[in-house]
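Across the two complexes that follow, chain A remains constant while its partner is chain B and subsequently chain C.
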Partner chain A sequence: MSDPALVFEGVSYAYAEAPREAVSDIAFSIGEGEWVGLTGPTNSGKSTLCLLAIGLAPHFFGGRLKGRVVAFGRDSRSVSVIERSSEVGLLFQNPFTQVSGARERVDEEVAFGPECHGVQRVEIDARVAEAMEVVGISHLAARHPFDLSGGQLQRLALAGLLAMRPKLLLLDEPTSQLDPAGTAAIFEVLARLHTRGTTIVMVEHRLETLCELCPRVIAMASGRVIADGTPADVFNRELVQQRVGMPVYTRIARDAHVSSPLPVTLADATRSFGRPVA
Partner chain B sequence: MGYVVQSALQVIPQTLDMAGRIQDAQRARGLETEGSLPSRARAYLPLMLPLVLSSLVATQERAMSLEVRGFGLPVKRVWRDEFVDTTTQRVVRWALALAVPLGIVARIAGWK
Partner chain C sequence: MRFAYPAGAEVYPEPGLSVAIGDGVTALVGENGAGKTTLTKLLIGLLRPRAGNVSVAGVDVAKMTVAAMARIVGYSFQNPDDQLFERTVKAEVSFGPRVLKRRLEDIERGVAWAIRECGLEGKEEVHPHDLGLSERKWVAIASALAGEPQVVVLDEPTLGQDYPARRRLRALVEELAEQQRTVLVVTHDMDFVGESCPTTVVLSHGTVRYAGSTAGAFADRAMVEEAGIEPPHVTRLARSLGLPECVSEADFRTAWKR
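Take a look at the complex of A and B:
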């Protein structure tokens, strides 16, 4: 059997000079091809998990790491971030700080990563064309990156990662700065990547979206994992409902005293409300 | 090295944008940004700290996103668009580069 995509083994991490640990006792394993949603209130350690997974913590941030973070069988301590970048991609929140700033055309920007990795030129062209196609920005190839809208820019940043052919894609609130159209476009791309077998770990605050898209959800609070399972399982737990909240369908169903398990998606809710309410 | 110069130039419009937004926010809270020259100059002082801080944050984010794309990997870089000079171009390029010091030397040597 192949190695799982990402494993956290008893991981605790504190940033340099921080008195408290940002995350504590994290343990989970994500298999190849899974699509996992990560959620929790601000400061619950979601972004830190992303940084740990790609190795920016501790390589970039210093700090103290206990336990092991293993991606595709390799411990994050033994692999530098730039080496790992060919297997693991991380998309940040802010589309404006992710363009390299050194390229004057969209397609050149997408080629930046593979160029750094010394990929053959013919291969780069193929990858760039494919990445732009997947995220739907092929028609913008000749534009200047800074002329794009936020949503287009975020898709450009995603294309820049895809051009490196990562097997695991981490997304830290990829749509928090985008409008609804831009958001929908990103999620469409992710769904396509998921069917192709890319492993996706996505931080998301919109619980309705999360439950709709991700077959597995990990809920965090105060630096710890408080629930890990299917959306229905996770959001039917009292602790998660208190600390993280719940999708609006679940809340309505609870207030309407629908029998548990409470629905977490629109489709489930429609079905629940179709039945006579007790 | 080329990256440093080029990216610094490209970031200027973004920084100006940010400065504008910070000033708008400060104006919205009643900071005097118009009027006489001294009062306008004073309005720039409170701009500095948030501007510097936000630039530093943006720089850190950019550094991270460069790193996750493999910038600085110790392999031979590939350039997608390589500009290959024709022989004529190369000759002209070198000739022009040589013309300047030669001209200076000639001038100093007293050639008119």
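Take a look at the complex of A and C:
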């Protein structure tokens, strides 16, 4: 049995000088090849979990960490962020944060990560070409990163991560800047990576999207995990409905008193409403 | 109206863009690069048209400075970090009305109202950059409201917002409409459009593909598909069940009861 991709063991974390913990008593294990959606209201600790998983918390942010964050068998305390970034990639919420600012062309920006890791030039060129192709920005190779639109920048940030060939991808709202076509394209990319065995943890506020894509959902509120299971399990819980909300389909089914369990996807909802009202 | 960025192609091709946006809440939708944000920047004079003209609330934008336009139009940027620079939320929200030299009592009233509407009470003295992205977004929206402008432009207000915040946003735009203000919402969030925007303008490659009722927009399936937008989730469910067309949850409840 190989090690799980990501394990949180009794993790609590407070940022430096913060009076309260950002996350408390977090425990879960994500196996290699899983696709997990992470959701919860603003400030519930989702982004902090991502920072802990890659090790930026506490390595960069300082603060107080209790418990253990283990990726592919290695404790975040004993691995530098640089080292971990060859296995774990994090797409930041704001793509502007991700871009190095040190490169003047899109293709050079995509190459930045592998260059920092001393990957051979020929290998870098191949990875860059593939990563740009996969996210659909090959035609922008010669542009300056800061001349791109929000949606293009988000794809560039993802390409930069893919060029690192991470085994675990953490995505903090990967399509927030994209239109439906761009969103669909990114999710296709993720589906392909998932098929190839990449583990994906994705923060997503759009609960309908979350339930369509992720076989497993972790719901957070006030820095704690309040539910962890299939989308249908998670969004049928009253606590989750109150604290996190629920997909449109679930809400209208509940309001229409459709028999439970309440549907969480379009296909489920079509079936539920097809049955007589309870 | 015609416009091109330096060394760029025309954003609004021949014969140029013509559109009228009325009172109440209007959604401006279309795929990335359709010309939505450019249009809103032309409204406030931040960009100037190459040909044609833009008028807002009866005022010819060409004759006004950006500062003068700021008295008429409150603008909240897509990325709040492009907009925020003060050290406290209160300083940030009051910045516009202060530099526009509104009367002190007007500033106080407008700022207090904006802070209340945006759920920022108790956070007045916090540094904006100590807030999360979605709260910074609310600071940007409050800043757009604080001068009590006749026209409010919100660029992607629901981005990164959780469900309670989206409900607050719905209540906000409804209230602005009741106060007879004009609200233009640039968004990819079609559930928000269906619930909160009675009127929709669809842009595609710099041309107006549709301007009219939101229900009418989504009923035109061919246009919706060509313009690269998706109908709201309730619309999809109603179709899948063979119910009459719906764009909001209230529509759905009515259709289902029948």
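The criterion applied here is as follows: the second predicted complex is superposed on the first by the 272 of 278 C-alpha atoms of A that agree within 3 Å, B and C clash if a C-alpha of one lies under 4 Å from a C-alpha of the other, contacts with A are read in each partner's own complex, and residues count from 1 in each chain.
Everything below uses one rule, namely that contacts are C-beta pairs under 8 Å (C-beta built on N, C-alpha and C of every residue); 3 or more make two chains touch, one makes a residue touch a chain.
Keep in mind it's a predicted model, so treat the numbers as computed, not measured.
Because the two structures share chain A, they can be overlaid on it, and in that overlay chain B clashes with chain C. Of the two partner chains placed around the shared chain by superposition, chain B is the only one that A:I54 touches, whereas chain C remains out of contact. By the touch criterion defined above, A:G245 lies against chain C but remains apart from chain B after alignment on the C-alpha atoms of chain A. Touch criterion met: A:F96 reaches chain B and chain C at once. Once chain A of one complex is fitted onto chain A of the other, the partner contacts of A:E173 are limited to chain C, with no touch recorded for chain B. In the superposition on chain A, contact of A:G113 is made with chain B only, not with chain C. By the document's definition of touching, of the two partners only chain B reaches A:M164; chain C does not.
Residue overlap on chain A between its contacts with chain B in one complex and with chain C in the other: 94, 96. Residues of chain B that touch chain A in their complex: 2-3, 6-7, 10-11, 13-14, 58, 61-73, 75-82. Interface residues of chain C facing chain A in the complex, by the touch rule stated above, are 30-33, 78-79, 81, 132-135, 159-165, 188, 191, 228-230, 232-234, 236-237, 240-241, 249, 252-253, 256. On chain A, the positions that touch chain B within their shared complex are 54, 56, 60, 81-83, 85-86, 88-90, 92, 94, 96-98, 100-102, 108, 111-121, 124-125, 128, 146, 157, 160-161, 164. By the touch criterion given at the top, residues 40-43, 47, 93-94, 96, 149-152, 173, 176-182, 205, 207-208, 244-245, 247-249, 251-252, 255-256, 266, 269-270, 273-274 of chain A touch chain C in their complex.
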